[in-house]
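The same subunit A turns up in both complexes below, where it pairs with subunit B and then with subunit C.
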Partner chain A sequence: MIRDTSAPAAPAHPLPVLLPFRLTAPQRRFPPLRLTLLHALGIVGLGLLIAGGAHAQAGVNQLSAFGVIIKWFPLLMSGFLFNILISVLSMALGTVAGVGLGLASISLSTPLRRIAWGLTQFFRNAPWLVLLFFAMFMIPFEFRIFGVTIPFPDWVKAVIGFALPVMANMSEIVRGAVGSLPSGQWEAAESLAFSRRQTMWMIILPQCLKRMLPPWMNLYTLVTMATVQASIVGVTEMLTLIAQVHAAEGGRPDLLAPLYGFAMLCFFIYCYPIELWTRRLERRFHLHQ
Partner chain B sequence: MDLVADWFRHLYDTTGINLTIVYDPYDRQRFLSGLGMTIYLSVVSIIISTIIGAIGAWAQGSPARAIRAFVNGFVVLFRNTPPLVQIFFFYFGLGQILPRVENDDGMMVQMISNVQWAIISLSLFAGAYNVEIFRSGIEAVPRTTTEAAEALGYTRLGVYRHVLLPLALRICLPALNNNLVNLLKTTTLAYAIAVPETLYVSKQIWNDSQNVPVMMTVLLIVYTALVGILVYIMNRWERFLSIPGYGQGAAR
Partner chain C sequence: MKKLLIAASLALLAGTVAASADVLDKIKEKGVLTVGVKADYKPFGFRDPSGAIVGIEPDLAADVAKRLGVKLELVPVVSANRIEFLQQGKIDLMIATMSDKPERRKVVLAIDPPYYSDAVNILLSKKVKNVTKWEDLKGKVLCGTSGAWYNKDVSTKYGAEVKAFDGSEKPLFALKGGECIGYLYDQTFVQGKLLDAEWNTDFAMPLPGVMEAPWILAVAPGEDKFAKFMTDTTIDWMKTGFVVNEEKKWGIEPTDYSKRMHEEHKKGS
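So, the complex of A and B:
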């Protein structure tokens, strides 16, 4: 029997070791833009279908669900814009506080680090809605400083309530980004006689920005989607307005699905592009590292 | 028991810390049932959402384009809309359209109760994230492993069940862990459709007893403890499932 020795002994593929786990693998099958249009159309279609069904049931002098949404569109949009305002403000507040907390959690002083760690874990593990209640009930409705009364309306308290979990998550993002840099960066800076503060601000943090951006954007979409919870504690935003519109139209039960579907569509149109953009950034930064 | 109750009454008289859930049997019963409801919601949604994740990730690798598009659409839609609006859409929107049925007492009630709607919407919400997590796990399993299993005569389902899923599950457990903690925290949203879970009963208790700061602290401690227990269980499971010689699994 002739043995074929010319065949290569090495396997055609590398050894079957497990590949690194990546949560945001690129989607190969569908180009992003087409997915957006496809799904937006799908939701609109679903909404129209339900609206059409509702229209068939509705009497002669009743508006169809679609008509109701068109009629109240400006009001509902103002509610949605208010949601976005809350999300932007709480994100700004939470980011500033979170960067501070994150820097404290990598400080050289042990007590400071412990306190920062405790605060981060505490606010990260509490549900957002509980923290919102916490802010609503624990913050007084007005502050009195040197005879000047500063009013604290409900929505400002809601902003603070959302900023608390943002702060904790931001702190983890900062800590994670700083920890992910190779320690050679610190050593190189030290050998160039940079002080710790200089190293942090001039060498470490600028490099971290790139790593922090995708999770930060992800956090922003989470905050935006959480802002509707403010309606539970009595802030007039989109969901509250939807309930009012529903009542104004005579409280017809068939109107609720299209109205809430419309709210879902608004948030989808706002959040989905941010998610796509986040993925693109992640992919790009991953390649360059 | 009486001694403990007396001590907490004494605590209230001397310091003003009013823990009615300890010394008042009615409040205690309410609070415990609320805690039970939170645990029930979490456990059932965790199980259903994990199943949705596993099945969805399998369907995503299907040769049929329509199935893939459907799963992708589901994931994208549920990840990018607020969970509270999803719950409202299901409970108020769809719940109103469904026909009403007669219950044992002869009352006309909704076909699916608020607890069931909460479970459905929470499972779908967390399931959408789980599909993504399982898919990432599956993508981390090398193609050669799948090919080897196919060469041994496994069907597509067989490859998935016996080869891909066990490996993928082990790889994606940390991410799954994160998402399930998130799901546990999201169960508080069931408050909005009057499911008597921990937050809901706590609000009833603080409305009755006027002890908002105390109950708020209790609430935060309870959720921190629940999350801690879940993380502990998941970490134990992770260690139990760890693959020898991969990651830190061999060291332990």
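So, the complex of A and C:
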């Protein structure tokens, strides 16, 4: 049979190959990074547009929305840093407590396991704001122990308030990660005469780190975004300052959208890279393939 | 968690014991006077770009600290937490635009005489020429905030028609749109608006305030010694005209109440 080789045409029918199943449409390998810039530019552009519109509306001797944000930038940033401080500290406190609680929830002792389960479920299913209120109003503003007064400012109480749900979620992350390891690991360790504690600390937990990192980072971004709730209970963080800046600028209604938009932009710029990094880690650890 | 609860309850106990000591001694021992002020009420208490809380009330607080010879610490408060902070002992003194109400006098120790007084006034368009007293408002249309207790009084007493809107932004918008000749609201709010170029080019507050609503300083219940000190301080402010000067310093028209108190006490001395 002579075939026409001058034009290598595609076969009329593709070969019957079984393609891997995809849950979603195929994605480019690193699309989000390029999109971040585009997104950020879009938001800044929108902000400028609103600011520009507000400027056109505003009369003489009035700062444009953009000018207002520049003028108050250092103060607002100090507020934002405070949000980050609260999120980092509550995450640290909650993680330490949560690892303990998570290990207790897989302990061999039944009462300990039950208590840990109860605490985890209670704090995991309570609204964060309610826990925050409890921390705010149950803990006094200063401790007086043996004649020494230890002040307990609002933001420390907020840290405790946010650490409670972090602790419960962390406990579930630890429990889930330990449970997800193949039981062969336990059996192999046992056959090598490792004690339970040794198995846990030297074999199981090190392998779990990889699995726990992405959900832990996810939890962190959630905590960061939740810190603005502290404004409701009177902590002087970014959202509180935004409201006060708005008042100091005479409560102009045209400033509301730019000011709160600025807060949104700050949180987005901070949280989105973490989100990206989390996804990359997940991909690297092959957790979704 | 358990430890935390135990520590918290212990500290609560300790806190209640500590609160019974005289607050004036505590202030002098610490060397710091902690005052709760507003941070979102221009020009009475608001932030400057450095983050410091400034305004009339922080100045009053600074004067109290100076008289006691201690340092000043300002704590920003809002209406929802100011009374609680005072009862807890988190602040020693409250200077936070609090109107005098009987139910408030039950839970805090109010200082008499009231240090300031709000009133009812009108943000009036400058285009309106023939209104020089409240009686001139007969038959005129004013914008107002629905729910304000004085809306009805003003319409029955002075014969003005009050168109009520929700909140304070909508009536201001209606005023700009020409639906009424002025906005009937708290005088302190009107004065705050007039600090901004957006409002003071076309609007003014030509009438005297009516229906005064005094503002009170407050200390924690049972602190009679500190209350006495604050009463003397307030009277001294009136004597020296301190509040009137503060109003001028922060760009608002001195209220009738401040001027009247200044006159009365100046004579008395």
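FYI, the second predicted complex is superposed on the first by the 257 of 289 C-alpha atoms of A that agree within 3 Å, B and C clash if a C-alpha of one lies under 4 Å from a C-alpha of the other, contacts with A are read in each partner's own complex, and residues count from 1 in each chain.
By definition in this document, contacts are C-beta pairs under 8 Å (C-beta built on N, C-alpha and C of every residue); 3 or more make two chains touch, one makes a residue touch a chain.
Since the model is a prediction, treat every value here as computed from it, not as a measurement.
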Partner chain(s) touched by A:E142 [first = subunit B, second = subunit C, both, neither]: second
First (subunit B), second (subunit C), both or neither touched by A:N218: neither
Partner chain in contact with A:P253 - subunit B first, subunit C second, else both or neither: both
Which of subunit B and subunit C A:L239 touches, first, second, both or neither: first
Partner chain in contact with A:F21 - subunit B first, subunit C second, else both or neither: first
First (subunit B), second (subunit C), both or neither touched by A:C271: first
Shared subunit A contacts, counted only where both subunit B and subunit C touch the same residue: 138, 253
Contacting residues of subunit B [partner subunit A, same complex]: 68-69, 72-73, 76-77, 79-86, 88-89, 92-94, 96-97, 132-133, 135-137, 139-145, 148, 167, 171-172, 175, 181, 185-189, 191-192, 199, 203, 212-213, 216, 219-220, 223-224, 227-228, 243, 246
Partner subunit A, residues of subunit C touching it in the complex: 1, 4, 7-8, 10-12, 14-15, 17-18, 39-42, 46-51, 76-78, 81, 88-90, 169, 173, 192-193, 195-199, 201
Of all residues in subunit A, those that touch subunit C in their complex: 58-62, 71-72, 74-75, 78, 119, 138-145, 149, 152, 160, 234, 236, 240-241, 243-248, 250-253
Subunit A residues touching subunit B - in the complex, by the definition given at the top: 13-14, 16-25, 27, 29-30, 35, 38-39, 42-43, 122, 125-130, 133-134, 137-138, 221, 224-229, 231-232, 239, 253-254, 256-261, 263-264, 267-268, 271-272, 275
